[in-house]
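Chain nomenclature is as follows: A, B, C and D, assigned in order of appearance, with residue numbering initiated at 1 for each chain independently.
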């Protein structure tokens, strides 16, 4: 166990898999000579050379497709999008070629590829640069979608993703890169579809991941301090597959549900979770679930507007109080 | 009033707006000399000439962007995607440039553009060609999303879309093009955000549009014939804006809700509608709502598999019975 | 057109420097030293082209009988392109193409029975009925599809080339697409990557003059396609007569040599023509009967037959034998497909994930 | 480099035919007959370049003070490109560029007060704080942004050109982008459309040698960018020294003439250099101090100043007056922005739709 940064955990996961399997390589913009736009691939070029750590032109459609093609013959590409906002110019490759090749070839060609990079509103990057792509990609059968919250999860989930035979969308939050946490040095594999209770509680279930999960945790602490409310924070860790049983189990205990995401509300992950919960356990709910999301508007540049649009601990706390009928 | 085909209604709407406003033009693949891959623009080249009815190369990103640029200076482009499955190679243009320009320019530049074409699984076109893009685009603030079911709606909604100052995603179903219906010859404008009761009923509310709406209607007839069940079929006609008040009103009457869509279930339109209903009227529901969708798999080519994946009247009828606890 | 192979008009080398010049000569030279293929080789080409032709004639019938669904794009007229070029490739070389893929699949050695079955959506189809006409695959034979989004597979070809270079394997990737695909962004990004990384890929545009109903000159700002990649991507472009199987064979062989020598990628403008409509539902108002007949006079199968006869490589009996064998082959494969069972409905849950999870597991 | 303008190496005309040749000569000829701009014109250019420079020096300070957020890409070193080219354009001509847009906005005549306010995210910003540094807009002045997705705005420029041609308006569209944008599919699709429809557009690649930390030769298979559009899109390419305001003016004027004459589009490779990092957070390990200094010796502002002094178009007093005026302008605009109020929080619901519906209405 060592206390390392989120970005270091990702770096460690990639290096360990590079060492284990010569078919693993990394391609993306500025990943090699620049050491990564956000320094996630720091030192990897020096260690593995230019064939395994590959700088690409600003051609997301091109190098995403390159990765898929290489994966079709059994290579294990890790394609870094500087941010997933830029994956939208490669959308057809990610939602058609990657997830449907295995199916349309009748199971002949699997596509073991990992698309990774930043998702979620950064620091005042305005509407086109601030996408939370969780919903866009979770919508698509054939893809798997992973969102780590802690350095521990980051390492364990990325290693699993690289070894998985299916295309994996691996979403990172810029805000988390610098966070530190305990991470075991050697082998660490976290299975997909297993939620993690980030905070035990009895009064309300909050389902949250990544940036939103940290907001939920501080909201939970605040509510406990101020009002003795015990919030359970459940981190699904993977959105596809989704650990519905764990969510239902928690709700059976608490009777209330709040979801948190930085994405747009409409047809979002919150909507999906709430719909599944209502379908399977409406009777366990003592109030209607509440989804906390970014407001249904383009993400603005101006700082106060940005913080008004993207949900933080305060809005999560408000939602929890409302969900459990709490009044001071 | 004349009895005309769905495709003729669309053609009429475009021609009337062409006549009213010289800034309206149509661009897309095969729209001009070929008279439209699905004959929607039949005769328009002859009538309006090559500057207003424009054949484009297979460059969706390019001509979608061309339309947006022209709209920025007040033109009224209608961009036809042969099918919306092909809009995915132009995704960034449609979800970034079109819906965010007005916002990021501080209200200086509106983008009065209509993107129209086929959405929904066609006849055995396999996974990449069978997209129902409703959820992908309804997710995005700044867009408006329209899905006509009848020739009447097709004309009235398309005319409204062409005059609207915002970017409109106008989704057509190949299966409906040949359907006939009564359509007034002259002016016909249907406002966005106003649902239409396609069938009155008291026992269950079914929210459905386009292809799914016709499936719902025949399911309703069948259930009435076989079991005297009175289903209310509500057609939202536009998914963004969504006429929630109309949906809630109907549910207050029936107590039950079923949604129908040909798209993938996860983060779909059904999930969004159910979540909004639960948030505003959980107490009016006598059972949990049920969403009928395509199965959560890539759309297969093989005919029996295709019909198993895409919901038809039978599956809608099953869902309604289940929703209202009906047992024979 | 159909024109002779014009090695002369390789792209202008100005501005791209000596190495570029070297490249072009490489191909030109090797090309000038043609190797005459053996009679048995050419007879095999004749057989393959005839098989593709008869296979598709049967497809058309079955489509009219609505036993085949979806979009079905016939290759009739273009057979020499796939047969001649793939004849020059080796089993380990990668092949990938667009939705007009029947010819390439058969030329790469796929049995026609699983192809008919795929068209019929049957379980015994090469993709178990999931793909249909536009999505033929045979991983074992290094045939990577069959792709329906115009231009969308070109970056995949770059990935195949990348894998070969990365693994230091002696493989060349042959990537086919239509003249309409040239105007997709994916083509541009893919060719720049191939030119930049010097990948062993041959990009072949099957220029049949039309993208659906749109003639090349109404879709492409430059109609002399072989020029579009030299100055743009440092990938030399050459032109070849796609109605001539022998020319296709020789040119492709030279290009493969060029790639194997580590020179990078090549671009081939293949001049060809499709006799049938774009797909089965195409009134073809955009061209005249005369135009079609003009090209049919240069039919690739007829031309090779003529050659073989002139050289007395083959006699009447042999011809009849071949064609009867093909006929029998097509009939039995077709009958088998017709009789074969559809996949069980639960198969929709199959092959969605290689490492599935519920609900895919529970099915 | 910075090289003199080399009209000679216009793209090879082989294969694209006479019209192509005609085009190139058009520009070359008109170009050879240079019109010397008036002293007052050149003084105005000097003023604009200095204003841009001082505006951005102030931006950098404010960014360090964290009063400016997001990504902030400075134009320092490239000022002559926007100023020289836009000086050759007319008010009705359309301008559109990427996220490195401060220079173009100011050269097109935007006041700097609303620009500072935008950087500060204030209500008085040109986009009411919704856009920030990468999204400056001024519809009234025909400045169409300010776009942050690399290459994403190039198709929009084609739309602007289309609108002008459709409406038979005498407007030319100037579209700017970086050397990194050339490898995006959107560039390819846009240029083919412009070449096909013969639209009055001038596409200018501001080749400053780097896309972020990646040198051109590591991103583009062909580094002689002016060659990339001739054979590929039938759009002649030319090269111009972007560190020379006068050269930019003359070349752009000729290109505008060419477009107005209905010849179609032009492509300009502008050789330039950015002195600062890609954005405010760039360690710049990819280049040496020496390289930067080498280019700074050809500083566009310094060069024009030298010229004006040599020709005695201006004296010391006038210089000081100009620079003091600019200094005062920057200080007051900045102070105003600093003091200005943020937008009310409910403004997030504003300008989402031009024809809003609930909940946008209810706010």
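Here, a residue touches a chain if its C-beta (ideal position, glycine included) is under 8 Å from a C-beta of that chain, and two chains touch if they have at least 3 such contacts.
The structure displayed is predicted, hence computed values, not measured ones.
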item: Other chains in touch with both subunit B and subunit D; value: A, C
item: Longest centre-to-centre distance from subunit A, chain (CA-based); value: C
item: Gap in Å, rounded to a whole number, between the CA centres of subunit D and subunit A; value: 37
item: Inter-centroid spacing, subunit B versus subunit A (mean Cα positions, whole Å); value: 31
item: Chain centre separation (subunit C, subunit D; CA means) in Å; value: 44
item: Multi-partner residues of subunit B (each touching 2 or more other chains); value: 57, 59, 61-62, 89, 92, 96-97, 103-104, 126-128, 141-142, 296-298, 300
item: Residue list for subunit C, restricted to those that touch at least two other chains; value: 125, 127, 129-131, 135, 147, 149, 152, 183-186, 189, 192, 196, 218-220, 352
item: Subunit C partner contacts - residues on subunit D that touch it in the complex; value: 9, 11-12, 14-16, 183-189, 191-192, 194-196, 218-222, 224, 227-235
item: Subunit A - residues contacting subunit D, complex; value: 29-30, 33-34, 37, 55, 57-59, 61-62, 85-86, 88-89, 123-129, 295-298, 300-305, 308-309
item: Touching residues (chain side subunit A, partner subunit C) in the complex; value: 25, 51, 56-57, 59, 61-75, 77, 92-93, 96-97, 101-110, 112, 141-142, 144, 164-166, 192-193, 241
item: For the subunit B and subunit A complex, residues of the former touching the latter; value: 61, 88-89, 91-92, 95-97, 99-100, 103-104, 126-128, 135-136, 138-142, 240, 264, 266-272, 274-275, 278-279, 282, 285, 287-291, 296-298, 300
item: Of all residues in subunit C, those that touch subunit B in their complex; value: 69-71, 121-122, 125, 127, 129-132, 134-135, 147-152, 180-181, 183-186, 211-214, 218-220, 285-286, 342-343, 345, 347-349, 352, 359
